[in-house]
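Two complexes come next, and they have one chain in common, subunit A, joined by subunit B in the first and subunit C in the second.
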Partner chain A sequence: MGFWDYVGSYREKLLFDAYQHASAVLQCVVVATVAGVAIGVVTYRREWAAGLATTTTSALLTVPSLAMIGLLIPVVGLGVAPTVIALTLYGLLPVVRNAIVGLRGVDPALVDAAKGIGMSRARRLLRVELPLAWPPILTGVRVATQLLMGIAAIAAYASGPGLGNEIFRGIASLGSANALNQVLAGTLGIVVLALLFDAAYVLLGRLTIPRGIRG
Partner chain B sequence: MADTGAAIELVGLTKRYPGDRQPSVDGVTLRVDAGETVVFVGPSGCGKSTTLKMINRLIEPSSGSVRINGEDVTGLDPVELRRGIGYAIQSSGLFPHLTVAQNIALVPRMAGWSGRRVRARVTEMLELVGLDPGEFRDRYPRRLSGGQQQRVGVARALAADPPVLLMDEPFGAVDPVTRGHLQDELLRLQRELRKTIVFVTHDVDEAIKLGDRIAVLGERSRIAQFDTPEAILAHPADAFVSGFVGSGAALKRLDLTRLRDLGVPGCPTAHQGEPLPQVRARLRASATDEMLLLDRRGRPVRWLRRDDLTHAEGPLTEAGTPVGGTVTRDATLREALEAVLTDSTGRVAVTGPNGVYAGAVRLEGLLGTVRGLLAADRGRAREHRRERESTRPEPTPPEAEGATAGRAEGDAVGSAG
Partner chain C sequence: MSAPPDAAADAASTAAGAPDASGLARSSGPAAGGSGHPAGAPGEGPPPYGARPSRISTRKLTVLPSLLVVVLLGTWLWFRQAELDAISANALANGQVWLALRQHIALTALSTFFVLLIAVPLGVLLTRRRFRAATPFVRAVANAGQATPAIGLLALLVIWLGIGRTAALIGMIAYAVLPVLSNTMAGLRANDPTLLEAARGIGMSPAEVLVRVELPLAVPLILAGVRTALVLNVGTATLAAFGGGGGLGVLITTGITNQRMPVLVLGSVLTVALALLVDWLASLAEVLLRPRGLQEGP
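Take a look at the complex of A and B:
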């Protein structure tokens, strides 16, 4: 069977896997973004705290994803749980780091002006600091998404959802008729998803970065 | 307007930054009256910004206190305090992600104004600082020139009509010409609004132009002199102040007085179409030998000398010489002097609104006026100093009261002699 014939006959299943893959990545990115920005907000003012946050998250990233999932299985079992936890943890680093860099990069004179005209700490953060730090944060989110696209494929090892199932099945049955097609379909699917997400980020940037600071 | 300025008192205000051995601001005590503009001027790093920021508690004092309208600000919530104090800084401090209108609306919004009132206020503020609301309201700051940004910065600081305005080198980042315009506009605004303004600069000329009083600050914000610009120019307290004021104090003084303030001397005039003999008689009766011919709207058009009238035959509009430059009643003495020095015969016509005749100034007369002014300044400055020396509060132990009073009296007599 040729590759396109394979894709044709397994379309439903491939689309389902792709949807699950995208949905898992998206949800984990959202959680990682919220948590990462929160960590950034809490730590960026203190050198040691910001350093600690960055080092911890980058240490997490050095753990091989297969090992991470393997370590999570005895704790949370098989299936969706280890996938979501692992993806969220990996997604944190780019977001945390860019949030800290972005928040620190806000011109101190503007922070001074915001204080000087009587903005409270919370209002300063929401109205001035976060909007100005948003472009680098969004870049961090984009990087996290790309990273998670690949890592999510490993989730199939723990019976997780997504296109990784295709790849693992292919690898397990190497030599059989459809093995190569399966690996290829899974991989290409991930690449296509990554490109679609990237396009979405360009759009999101246009919609959410205020015109006054758009590059 | 009832609710304009508020008096500000700094009492022993001191700031020592953590880790520094010396305080950066050391015991500043001064009072800014309601509706007054006080300029802090001093060399870079002397603590001007630090002192200013202690007024709105952007920096907490190490000791001493700030009172606004008699109320100690350290007891207030800093966020509330700052909403009642306008704050404008160098390079405008506008938020780049917000439009001009959004920037100006920030403080009124925080104060809970209704949307409609805020919009009306934004329009009003833009007009106040000389920017067309239709054109500028929805622009982002990066699409404004430096001068326009500064204007918006001032508009934002004034938006919620705070009684007190703190300005930290607000015009420091624009070219000299634009800076001059912005200064003129601040003066105009201040004539209308009568806010209490504390203005920081390291440009003495700016201080002289804008300040009702100037505090010349030295190392660690020690007050070297706190007085009117006239008095500081006429009588610098010490070598530091005179060094800082620089050369040309008398010339700088000329910028402080406008022709309007002095009463412009008159000069004989004639109207177009008046009979020649009548005009001749008028000039003869006057002490001068030149008069101004005015057009139908009362604007000066030609200078007529005695000879011109003697030889005149046709209409007066062809006699004499056309009026070259004129100055307005709002011109400073420096501008007037410049004009008469440039004029080949050493006189210029002065005009009021719509270019209507208001008088004329001559070199000799102007020089006399300037000398008189400088002498009066010196006299006043001497008097100030004497007053201050004789009223300086001294701790008086009860038993020594009589003796101290006697000494103070002796001082006053001594310095008068």
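Take a look at the complex of A and C:
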């Protein structure tokens, strides 16, 4: 069976896996972004706290994903739970780091000016600092998404959802006629998803980055 | 929809940025919104001779190793009292744990060696004027490569080359070459052009400029690339188990498929400890091998 015949005859299953892959990654990225920006906001003004946040999250990223999933399985079992926890943790580092760097990069004179016209701390953060720090944060989110696409594939080994299942089915049936088709379908599917997400982020950047600071 | 030229420029900016953040380079890099300062830019001169303060704080030297000792000791103590059934005992008997650990280290070391052998010269070559035209092509390949999942790449290689260590090694090398390559290229490009101009002005040949000025200035970024490669390779080496390449991934996969938690936990703890140790050693090397004139801070 040729590759396209394979894709044709298993279209529904592949689409379902792709949908689950994208949805798992997207949800975890959203959670990681919210949590990561929150960590950034809390820590960026204190040297030691920001250092601690970056060191902890980068140590997390040093941990190989299969080992992370391996350590989560005894605690939360197989399936969706270890996948979601691992993906969210791995998504944190790029977001936290870029949030801290972005918030620190805001010109203090602007913050001072905002204070001068009577903005409260919360309003300064929401109206001035976060919008100015948004481009690097968005870059972090993009990096996190690419990272999670690959890690989600590995999570399929712990009975997680998504296109990784295609790849592992192929590995399990090495030598059979469909092994190559399965692995290829899973791998290319993830590449396509990653590129689609990337395009979506370019668009999102156009829509959300304030006009005044667009490069 | 998005205009092609802009999209290309944007993709290009992340090609340099993405490996930096995802590859956990510690310096604030291009991904951090352009706050990365080019190597060699700071105006302060080298520290006075004679006064050579220690470059590494004791905290950096002690915290991680002691943490690792505690974790490994804890695992060992837990194992001594744990009751292993036949399947678990079988999976761990006859020095298989040591074998897996040795295989893992060998895979990591070998692949890192080849990654550096390929990526650094290629980075030098691609930043020469003659090959500038090839840069967009390399960027495109790097972007597509970044989107490819490691496990998929490895599985394809296993189908192509057969089960064994070769397929795993090639997959690991292919996967880590891209981040190191773009790190090297970014490092060489960030060099202050006036310095290169000055070097040419005092009569250095292009080869001399490269060896005596450009490469020393790019050392910090190249070292960051080495660290990235090492950490990535420790991680992808766990996937070698799926292609019959051995390594600590064998313990993890055996633990998952047989539902034996002791095997799974031991494999995972050892992998994590190895990854953190390798990263720590690489971070020490990063500080120690950096040219004195380029030291950060006081």
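By definition in this document, the second predicted complex is superposed on the first by the 215 of 215 C-alpha atoms of A that agree within 3 Å, B and C clash if a C-alpha of one lies under 4 Å from a C-alpha of the other, contacts with A are read in each partner's own complex, and residues count from 1 in each chain.
Operating definition for what follows: a residue touches a chain if its C-beta (ideal position, glycine included) is under 8 Å from a C-beta of that chain, and two chains touch if they have at least 3 such contacts.
Computed from a predicted structure; not experimentally measured.
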item	value
Room on subunit A for both subunit B and subunit C (clash or fit)	fit
Touched partner set for A:V76, first subunit B, second subunit C, both or neither	neither
A:R142 touches, of subunit B and subunit C: first, second, both or neither?	second
Contacts of A:L66 with subunit B and subunit C, given as first, second, both or neither	second
Partner chain in contact with A:G186 - subunit B first, subunit C second, else both or neither	second
First, second, both or neither for A:A199, with subunit B first and subunit C second	second
Contacts of A:G170 with subunit B and subunit C, given as first, second, both or neither	second
Subunit B versus subunit C as contact partner of A:V7, first or second or both or neither	neither
For subunit A as apex, the angle formed with subunit B and subunit C - C-alpha centres, to the nearest 10 degrees	100
Greater subunit A contact set [subunit C / subunit B]	C
Which superposed partner A:V101 touches (first subunit B, second subunit C, both, neither)	second
Minimum C-alpha separation between subunit B and subunit C after superposing on chain A, in Å	16
Residue ranges of subunit C in contact with subunit A within the complex	2, 6-7, 10-11, 14, 17-18, 21-22, 24, 26, 28, 31-33, 35, 144, 146-153, 155-156, 158-159, 163, 231, 234-239, 242-243, 248-249, 252-253, 255-256, 261, 264-265, 267-269, 271-272, 275-276, 279
Touching residues (chain side subunit A, partner subunit C) in the complex	58-59, 61-68, 70-71, 73-74, 78, 93-94, 97-98, 101-102, 105, 135-136, 139-140, 142-143, 146-147, 149-150, 153-154, 157-158, 164, 167-168, 170-171, 174, 179-180, 183-184, 186-187, 190-191, 194-195, 198-199, 202-203, 205-206
Complex contacts: residues of subunit B adjacent to subunit A	56, 58, 79-87, 89-91, 93-99, 106-107, 110, 140-142, 156-157, 166
Complex contacts: residues of subunit A adjacent to subunit B	109-110, 112-120, 123, 127-128, 131-132, 210-213
